[in-house]
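Next come two complexes built around subunit A: one with subunit B, the other with subunit C.
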Partner chain A sequence: MYRIRFHGRGGQGLKRAGRILGTALFRAGLEVQDAPRYGAERRGAPIFAYVRASRSPIHERGVISCPDLLIIADPHLLAMPDSGVLAGATTRTVVLLHTGEPVSLWRERLDLPGPLLILPRLPGEEERFRGAVCAGGAAALLTELDEGLLARAISEELAHLSAELIMTSLGLARAAHAALAGERGIVRQEEPISAAGYKTPAWLTLACEEAAVSAPAIHAAATSELSQTGLWRGKRPVIDPGRCRGCWWLCATFCPERVIAVDANRRPRIDYGHCKGCLICLRQCPHHAISAVPEEEAAREEKA
Partner chain B sequence: MIPPGRQHLRELPDRHCLAAGTPLCAGCGGLAALQAVCDLLGEKTVIVNAAGCLTLLAAYPSTPFRGSWLYTAMASAPAGAQGVRDGLDILLDKGAIGTEENLEVLVLAGDGSSGGMGLSATSAAIDRGLDFLYLCYDNEGYGNTGQQASAATPRGARTATSRGPQGHPGAKKDLFAIWAAHRPRYVATVTAAEPLDLARKIETARNLSGPRLLLALAPCPTGWGYEPAEGVAIGRLAVQTGLWPLKEYVDGRVQHSKIPQPRLPVRDYFASQGRFAHLLRPENEQLLAALQDETDRYWQEVEEHA
Partner chain C sequence: MTRTLLTGNGAAAWGARLARIDYLPAFPITPQTEIIETLDGWIEQQELVCRLVTLESEHSMLTAAGAAAVTGVRVFTATSSQGLLYATEMLYTVAGWRAPLVLVNVSRGLSSPITLEPDHNDVLAVRDCGFLQLHCATCQEVLDSVLIAFRLAEHPQVRLPVLVNLDGFALSFTREPVEIPDQSTADRFLPPFRAGSLRFRAGEPLSAGVAVLDGSTYSYFRYQAHLASLQGLAAYEKIAAEFAALCGRHYEPLECHRCEDAEIVFVMIGSFATKAREAVDRLREAGERVGLLRPRLLRPLPVAHLRRALAGKLGVAVIDQNLAPGRGGVLLTELAAALHGSPDAPPVLAGYVGGLGGREISSEEFFEMHREVRQAVTRGENPPPRLLFTGEELRAVRKLQQVARADRLGQGGEQR
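Entry: the complex of A and B
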């Protein structure tokens, strides 16, 4: 059985990627489960979707804790512990990372026990097509799938979209497929988990505490400040001080997160720790003083 | 008579009541409206929150609020508000708290709750003359669960449960009119894309007592299908096309606070969102014309009654 897990952010199309891959495997004659994790999916927030596929009936249920293939659509997710991107990765887990950076860099950074592959960023690839790209890249690694099955699954799963969007998705998925053509068959199926082999963990038995001890009481205000929602960002709004006229009201007033503050000199400053990158400020600035810089590029410039 | 509000965005508060780091979608139009309300009401507010997208704000263990927050079931936020108000009134009566410690009770609910299962509790609370402010963030569907159609979904919109070639077959329930029919103290429609109008209405509501509703159109990138950056432009288009009339009910009369001139074709608004994309296809020409007619008739009536 294949156990495949996709990680991305709300809005990148990763839920759809799971469906595309699931449909393609189903059309190839396998039994398939595909589902996104249900939760409070939020645009920009970490999400994951998973696919199980097997020649025999699938009895496993629920989330995939030990994946055979792990697809990461956005390397920034790795900085968010609660997104659990690498959870359950073992020596035989193939990790497919979608990034414009070289594999050597990520091998060193991640020091994974198993194989790491890079799915390069493609020319003309917008963030919302990332799901199609990741589905194409993942399909290339499985012996059961070819480009024809992939294209058919995309056409089926995206049927409700415009012809133009379907064409773009197909083109990008094919390019991703081609980029990894040499890796076909690298992901191998693992035996289904059997309940017979289940060993009870060495449980710790804890004595009951009084409710006042064990139930949390939260009286602190404004604790959300501790959440670094800046990690949700795909693109960073950057203010060009030469173009900013210091009007100070538009970007700051319309920011739905209220993370643009204006200093005494009427200069707006963006709190990048919390800005989610909605880019309303960019769209509202009448002087076009704000540009959107892809987060990877901005982070690289920051380091340089 | 509509009192004059602030004339310039510069006069809006630049200190913000809610903390950053909320778990809501990037570009959330409901959060934008709530920010304005909290900025002007300040910390002395108890938020009574019906289940919906915005309940995630205070999901354990973090909260952006500086004051108290009470989570209720989807149908019962106004009942929760009654309990909080009564509790505060008793404490005030007994002298256990001083008037300076009094709090404003703010119900926060989405359109699913406000126009659907919460309507009965709301109606009863207005009947009892409960002193509360109600902010409904209207994203025109059950946004928190994947944008299924709600009572507030407009005709023609595609939702998770309206996938046909003509979108949602029902009509948007007129919550403004339903509230106004109760003869409450104050009802207003707002949107965060019109911050001065929004601020004036929040302050008008704050200075009144009794049942008061702020009904905010809350553009939703996730549910409506647009790039988050477009949120404010879309809110403004809703006003400019006449689809979201900015108005208020006060002292038994309805007044429009902004009459769009020139009024843009509704097509412009529909073209801005994926949920309406099918309305621009040739086979939906009649439906599009009917939606334009409906809007034209609304404004014609407004003119006739002016």
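Entry: the complex of A and C
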């Protein structure tokens, strides 16, 4: 059975990526199970999707703990330990990372036990097409799939979109497929865990603790500050001080996260550690003083 | 017949569509909402002729559903978790009306603490409301069960509402290959609702919500609903056999997987039981005589079937995806009562609580439960009840507790 997990962020189309790959494998004659996983979160929050595919009926269920293929649509997720991107990766897990940076850099950074492949950023690739790109890249690694099955699955799964969006998605997925054409067959179907010789689960017996400890209450203030939700951003709002008229309230008031503070000189400052990149401030500013800068570009500028 | 990938929610919607439902009262709640959205899309495209009405709560939704059903139209509705509990007063009430509607519940753990992930405390909290209960393990079974449920609800000897249960996330948002029967096949299996005495017309008044102020009359009506529920078992078997003849998929009241020569048997309901099925196949490969018993029908409880299926077995591991505080697992209690007095009941009946709030159950855990039960059989005593919970999970909880108490402790403070 193939066990495949996609990681990305809400809005990048990773649920759709799982469905595209699932449909392609189903059309190739395999039994398939695919599912997205996300909680109550919104655009930008870490989400994942998984696909099981096998020649025989699938009875396994739930989150894939030990993937054969792990596709990471956004390297920023690696900075969020709670997103569990690399959970369960072993020596035989192929990791496919979608980034414009070179493989040597990420080999060193991640020091993975298994193979690492890079799915390069493609010309004209916007964030919302990332799902199609990742599905194309993943499809290139599986012997059961070819470009024709991939294209058919995309047309089926995106049928509700405009012809133009479908064409763009198809073009990008094909380019991603072509970029990894040399790696076909690198992902192997793994056998299930054997009942003869397994790792004993480390169960424990829960002791009764007093309600002051065991009632689910939060006594600390502002625990959300501990979560670096700024990592959810695809684009960051940047204020041009030359254009800002110092109205002191519009962007700060409309910010749903309350991460824009205005100082005594009526200058707004954005807390990028917690700005989720919704860009409502950009739409509200009547003087067009706020622009959206892709996060990677902003990071490069910061370094320079 | 089309074989395609559908989510559990999509499958439930397809079941309702093929049943040609007339009336769909609705109120949104995760993870059920997609069922209504799907049906709404079809109604808008005029692919389904049905009246959708959005209500202001699940309580009103069930009232509307029951009221419509006793006027003789085919009624479908769906909810989850807190919504099911909010509707509970009306669940009892419309079952008392003997309203033959179908309600899909997408199981989700109950508050508190709040969660979106699945377990069975919601559906088991309404275990005794008078609805018949069908529990599904696959998306295919969801679609088929909705069709079967209408036949069962509308059966003249039964005429009770039926609840079809599927697990949130594990089925609701998971796509699997599903065979969608042709409309003509569905029509042959489920003809238009012959409502019989269920009529409400101008000049023909009907009062369903009647009061009886004496115990004898009350006892009669309540016990009649119980007897009708018991009739549901034989009716179910006949309907399921008809379904199998038409569609080739057979749904016994109990799914028995490799039970015949098994010594140890897992007992579970719902979609997590497919994990147990997978573990059974692996244990069989390792030479262990083990099986899985999955009740599909929980109300009425197929007591005689359970006794037969478990006769002569050495040990049973009941895995409850629910928790009755102060008692333990609900399924364990149900099974113990069903087996009591059976001369060849298994000597070991071990209770496990697992999968609460969607907590995964790994293959290794099934292997280990099997080992524990086998050991208990050798020793000749029941193992104590166990929560499937590891040291690593407790460490993660401890970390959250430290964050939750941070301001009382100061920066990086010690634990009290």
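One rule holds for everything that comes next: the second predicted complex is superposed on the first by the 279 of 304 C-alpha atoms of A that agree within 3 Å, B and C clash if a C-alpha of one lies under 4 Å from a C-alpha of the other, contacts with A are read in each partner's own complex, and residues count from 1 in each chain.
In the analysis below, contacts are C-beta pairs under 8 Å (C-beta built on N, C-alpha and C of every residue); 3 or more make two chains touch, one makes a residue touch a chain.
Here the structure is a predicted model, which means the values were calculated and not measured.
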>> Between subunit B and subunit C, whom does A:E183 touch in the aligned arrangement: first, second, both, or neither?
In response: neither
>> In the overlaid three-chain picture, which partner chain does A:S162 touch, first (subunit B) or second (subunit C), both, or neither?
In response: first
>> Output check: A:E147 vs subunit B and subunit C. Expected answer is one of first, second, both, neither. What do you get?
In response: neither
> Which of the two partners, first being subunit B and second being subunit C, lies in contact with A:E101: first, second, both, or neither?
Replying inline: neither
> Which partner does A:T223 contact after superposing on A: first (subunit B), second (subunit C), both, neither?
Replying inline: both
> Between subunit B (first) and subunit C (second), which does A:W232 come into contact with in this model arrangement: first, second, both, or neither?
Replying inline: first
> First (subunit B), second (subunit C), both or neither: which does A:F26 touch?
Replying inline: second
>> Show me the subunit A residues, by the header's touch rule, that subunit B contacts in one structure and subunit C contacts in the other.
In response: 40, 216, 218, 221, 223, 226
>> So in the complex, the part of subunit C that touches subunit A is made up of which residues?
In response: 5, 30, 112-113, 116, 169-170, 173-177, 271-272, 274-275, 277-279, 281-283, 285-288, 360, 362-365, 367-368, 370, 386-392, 394, 401, 403-408
> Any idea which subunit A residues touch subunit C in the complex?
Replying inline: 19, 22-23, 26, 31-37, 39-40, 58-63, 65, 192-196, 198-206, 213, 216-221, 223, 226
> Given the complex with subunit A, which residues does subunit B contribute to the contact?
Replying inline: 8-10, 12, 14, 16, 18-29, 31-32, 35, 39, 56-57, 59-67, 144, 163, 192-193, 195, 221-222, 227-233, 277
> Okay, in this complex, where on subunit A does subunit B touch?
Replying inline: 10-11, 40-45, 160, 162, 216, 218, 221-229, 232-233, 248-250, 252-254, 256-259, 261-262, 271, 273-274, 276-280, 282-284
